[in-house]
Every structure is written in structure tokens, then in C-alpha cells.
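Residue numbering begins at 1 within each chain, and the chains themselves are lettered A, B and C in the order written.
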């Protein structure tokens, strides 16, 4: 009985993940080393060409830009999110739960819906421009939509909770008496913050940055909606290769590269947070 | 009560990943007996319990339950049930369902389940709370549910793995008495695991002292306390003042030793020879302390100075310092009939002795 | 930091989070096609949304897909989590490794990898391709949620059940599943929401024959802001709000 139950439950999921997880990734890696062909998925011909292509200035520029935007988004999320997490972590428990609920409520709706909402807010005849015009702060509607700034705002709007939550979890478990001890030992508020609170919430900060930075490179639909034709993210590049340029091998190569970047990001997180992630914490 | 061995362990060894946990354990549990496995944490007592329950398998050796080899018996087939240290109550079931769980697993008709559960709940005085969830009960009540859940299956032996360790001191004392009474009422054997020597002494018919995976002594509480067979047992069970001395001269009847420059003549109960090194153990409650004013003849007495007085309510614990610097602890009982003055001041000079013959003499161990 | 500063800070962040949504809802009642100026109150756009049968087919598809993907992922994930927690078996590391791959791979990569696999396997893009993709990305969430809940259970509970004579099947049905039920329910809720809202993966593996709501909204939004879309998104938001509040209310009542 025990064995049959075990074989069934372990076997089922292993086969599923083996085929649709592992096998599909391996196929993607294989395709990324094949030659592009307009009529087929790829030609059975081994080549490094797709990877060379990625260092072509056009693509390389997209890479850099994507990195740059993801970096800005991460930094802004951290600057906005840390104080937020800090303030709510010190509220009474009932208010804490309410604040968290309010924070997460919008995130239960589709992020397409939220991005669309941001789009209608930022458009030339949108609410923001109307308000600014009515207040007399500007005389001409600003071109907000379809700019890099709009993409940045959209990404922050979608990713902010991913920064706040890990930091909040860290701060919430934080032993308050440590701050009191630091103050008792003569530290002022800023010293206590810099020397005690920040270092001890580092895992949360790193976790938040990982959770924001990596998706910020791939959420192509946000860039599609808010950045218009000037699509700037790595995700858009991949989307484009598959659905427009129809160059699957190059798209696969980009994906492989993205995965490698992701892996490096996670590795940095893993090393920096004192090897805190292990199988048990992830699974 | 039949004096039949219901559980017999012979030559049980257990090792985990090359590390030996238990070595050559021979043990038998008699029907209706309250047997305690006593030892410090990590001595293997819980492992031994789990093997009896069938939750662990011995690396070698034999376990017989009711004269039947238990090697291939699953935990379900052993008629042995366990009360866990953490109680392990099912949090999603109420008291009644928790207790009924084992019976329902055996597909016993619901009318009988109800009858037996009600009866056992009355026995553990929980008949008023059948609908409560474990989380709504106090620690002592949870403890009783755990016991009821195990004994409702009418096991041959009930195994208890440090069941009192998470209760506070007062409750623990009460539960000790309650457990002992329950065991008498049920008439089944209890195998009780603890690291608390006081608990072991007050509840058991038999104490088995385990140290580093071996049984070092087995006997009645009194036997273990008064005649420890080794220094480690003596120091584990109760406090002792220990003198390491050599025997000056010995014959079949008596031997002579010099302790702190005073010569003593003691009965030779251990076949000691001249020159043997021994440990002389004196329990604090056997150590007598006298004011100078009480004593006219100070033969066989140590001069000492009171260096600490600890008032304990029913007793006064003293720490006295001998001229050589050695510290002895002594427990003095208030005895109003004798009118003894048990008020001591720090730094007071006193005389110390013990009733000759109450000492424990053990061969020297490193 | 003073109290008022803290309150203002929190309010500003909440304003950032809620203004777009509130504005969207307000303008969904505006009687004007393009202007952001208030032209009077109307239900017109909601009426149009209600009439759009294509839209409702997409809603039905999304619902149907989320329900089937969630139940399959729950089944596989729960069994796997329990096995991972309760038993030692050969290949445990392999299974953990497989889960790890799916967890750390970016959504877009998973979408593409599956697209390639389906194309090579000649699986037409439609319900089944979406179903497979959604089950695949939901499984790790189920395993993580249920495994971490299971880890907090005192292992002696299972030992005790076994000691009291329960068979493996009885332990599973009477102890493990009831104790994990809250975790299973919340994993199910999360999977449903993830599947219902997913766009990144679905975008690559959906086909014209089986349109789902997020993709439909995405393609509509690409064409620009329209009042119908405002109305639709408002409806969706209110729906989510209701479900989340209801589930909060239920859990709170249960706790009491």
C-alpha cells in the first residue's frame, strides 16, 4: 500500500515535470544551437550563430537598456518599499494585517488589467494630464505614455509588493529589543538603523531585489502596453523573435541567456544571504 | 498481578550510520509493572522505547512480546501503545474523536466505540469536555487525552516518552500521582521514559538506569538510591559528597581509611583489599552538622566552617568548608521535637559527621 | 519619524496603488468615448460588455481552464508534497531538482520552452497546450505551500496514528488530508488566481481557437484605451475584490 501510493504520487509528478519541465528546457537549449530556417522551426545544423547574433550592437543595446531599466526599477522599488515595510511592521497587529491586505488587494487582479489602468491614467488625454492641466502646472499635455518612464512606472506598479513583502517578513521577525539594546549602548537612531536594522534585514532586501530585478527584464506585456512600439525589455526581444521575426533559434538563444542571467542572479543571492536557500527552503 | 514477563529484550543493539546508540540491552517488563527507563538525554532511552513500539528496528537482538517474536510485527499488531512527549494529539479532531481514533481504525462498531471512549474519558476525568479541540485544553488535560487515547486500545504495555516534561513543576507533581493511580487502576504495565531522577524514584516499581546506550543498573528505586553500583549512577541519582581515598588496611570484616586526617573503621561489604582506591559517598541528607555548643566529644568529626546557608522551607541546605578546602553539602531537616537549632550563620565553626554505615563505598573509577 | 509623516507616506503609496484602478472605475461610468472630461453618468459601457459574446466566451474559457489546471495541479502537488515530507525514497533529489528548475526559470522561458515542445510534438495550440502549461507552472506553488505546512506538523502525529493502529491509507485520509486541508485550499485559491490571470506563459501557448480573458484584454488594450475595456476591467476588479474579501471573512470567522 505504502509503496503503491508512493510510486503513484512520485511517479506522476516526476513524469509530468520531466517532460514539460526538463525535456522542454533541453529542447529549447538544443534549438538555440540550430540554424534559423524560415519555413521550419530550425534546421538540424549545429551552430553558435544565434549566440554571436546576441552580441550584435542592436541586440546588445537592448540588453543594456533592459538591464538599466530593471536596475532603476529595483532601486526605486527599494527606496519606496523599504520605508513602507518598516512603517507597517511597527503598526499594531490588526493594522498590520489591514495594511498588508490593502497592499495585496490590487495584486489579485490580472496584471494586464492593472497595466491597462496605468495606461489609461498616463495617456495624453488621461487623468494625470487633465489634473496637471487643470491645476495650471502645465499648459500642454505631457507625452507620458509610450516612453521609458511609463514602462518604469508600470513595472514599479506591478513589482512593488515583491520588494515590500520579503523586507516586511524580515522586519516583522526582527527582535525589537535589539534596537533598544543599541540605543541603550549609546547608538543614536541613524547609527542603530545603519548598524543593526539594515544588516539584519539584508536577506529580505536581497530577496526583494531578486524578485523585482529578474521579472523586470521579462514582463514584455507591460512594455508593450506602456512603451508602445519602443519595446525595450529583454522579454520583448524574445517575444519578437518568436511571434514576429519568426527566428526561433535566436529566440531560444535569448531565453537561454536570460536563464543564465537569472541563474547568476540567484547565485549572487544565494552566496550573499549566507547560503540561506537550500532545497528545503525552496521546496 | 501475574509475574509474567510480557516484554523481553535480549541482546538489543542499535546503531545509526556507524554510531552505536544501544549496546547489548537485556530487559524484561513484567505484567502490571511500572518500569522507568532513566538516563540523561542522548542515552538511547527513547530509541529503546520506539523499538518496543515497533517504530524503530533493532540492528540486532530479539524483542519478544507475550512470548512471541516481534520482529515482523508492525506497530499496529503489537498491542503496545505510546504516549508521546509532545502528546501528538490530532489538532483537527475533538477530544472524543482523538480517543476514538484507534478504535475506529480497527473498525469497531460505533456503539462500542462510544461506550469505551466515554468510560475512559471518565477515568481520566475528561467526561465534561468530549467536544473540545486539543488547542482548547490545558497542558494537563492534553496530557490526559494522550493517555486516554493510548489506553483505550487496552494495550499490554503503555509506553510513555517523557510525558511530563512539558508541564510546569506543580502540575508535574500532580500528574505523577495521577499516573501512578491510573496505572494501578488499569493494571497494565507502564514503561516510562524520563531524565528526571526524582520522577523516576517517586513513581516506579523498577528503575532501569541507562547511560551511553548501556544498562548500568536496574532495581527498585530504594535499591538504586541507596546502593548505587557505580559512581555515575550515584551522581546521576541524587547529590553526593565524594571522598577519593585509599584503604589503609583491610580484612574480611572491616577496612580502615583516613578521611581528612581522621581515621575511620568501616564494614568491608565490597571485598576490598589493603591499598585499594575507593570512592566514599555520603548523601547530603546523611551529613550531619553540629554547633560547637551541641558537642562535647568530637571524635570522628570533621571541623568545618559554614560557607553557605540555603533556606528551602522544609529543610536547610548547608555548604560547609573543610580545613583542606573541600566543600560538603548537607541537608538539615527541621525537627521541632528534638529542639535542634538549625540556625547557622556564615563563617560559624561547626562539627560534621555522618552515621557510620550509611555511607556508600564504591571501587575507584577514573 | 513622526506619526503624521508615516501616515502620509503610507497614504501616498496606497494612492499610487489605487489611483489607476479607481480612475478606471470612475471613467467606466463616463458617458464619453474618448474624453477624460466628465460627460455624465452611464451604464452604457457595461451594457456593451454584457452584450459582447466573444468576451464571455473568453471568460468561460479562462474559468474552465483555471478550474481544470488547478484541480490537476492540486492533485499532483499535494501527493508529491506529502511524499516528499513523509517518505525517504530514491530519486527524491531528482524530484526536488525538477521542481527547482520550474521554480527558478522565468515565466517567459517556460512559455517558450513549452511552445517549442508543443510545436515539435505537433500539439495544436488551444485548450490542451494551455492546460499543460498552467498545470506545470502551478505545481511548484502547490508543493511549496503544502510542504511548508506539512513541515510544521509534529511528525509524532503520524507516528501516533500508526501506533494507534491506522494503516497508511487511514493515515492519509483521516490525518494528513484533513490537517493539510487549509493549506490545500489556499494553494488552490492561489493557483486559480495565477491561472486565471496569467499572461506571460499563456501568450505563447494559446491559439486562436481557444481565446482566454487575459490575452483578450491584452490584445484589446494594445489597440488603446476604450470605455468598454474600462468597464470590463472594473468588473474584474470588483469580482476579485469580492472573492478576496469573502475568503478573508471566512478565514477570520473560522479562527474565532
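Couple of notes before you dig in:
The criterion applied here is as follows: contacts are C-beta pairs under 8 Å (C-beta built on N, C-alpha and C of every residue); 3 or more make two chains touch, one makes a residue touch a chain.
Bear in mind that the values here come from a model prediction, so they are computed numbers and not experimental data.
Taken together, the touching pairs link the chains end to end in a line with two free ends. The highest number of C-beta contact pairs joins the chains A-C. Distance between subunit A and subunit C, defined via averaged C-alpha coordinates, is recorded as 17 Å. Subunit B and subunit C have CA centres that are 57 Å apart. Centres computed as Cα averages put subunit A at a distance of 60 Å from subunit B.
In subunit C, 167 are the positions where the chain touches two or more neighbouring chains simultaneously. Annotation for subunit B: no residues touch 2 or more other chains. For subunit C in complex with subunit A, the touching residues are 1, 6, 9-10, 13-14, 16-21, 23-24, 27, 34-37, 76-77, 79-80, 82-84, 87, 89, 91, 93-96, 98-110, 112-117, 119-120, 132-133, 135-136, 139-140, 143-144, 147, 167-169, 172, 193, 196-197, 199-200, 203-204, 213-214, 217-218, 221-222, 225, 229-230, 233, 236-237, 240-241, 243-244, 248. Residue ranges on subunit B touching subunit C, taken from their complex, read 53, 55, 75-76, 81-82, 84-86, 88-92, 101-102, 105-106, 149-150, 153.
Taken in their complex, subunit A has these residues touching subunit C: 1-2, 5-6, 8-10, 12-14, 16-25, 27-28, 31, 41, 80, 83-84, 87-88, 99, 101-103, 105-106, 108-121, 123, 125-127, 129-130, 157, 160, 214-215, 218-221, 224-225, 235, 238-239, 242-243, 248, 251-252, 255, 258-259, 262-263, 266, 279, 282-283.
Against subunit B, the residues of subunit C that register as touching in their complex are 154, 156-157, 159-167, 170, 174-175, 178-179, 181.
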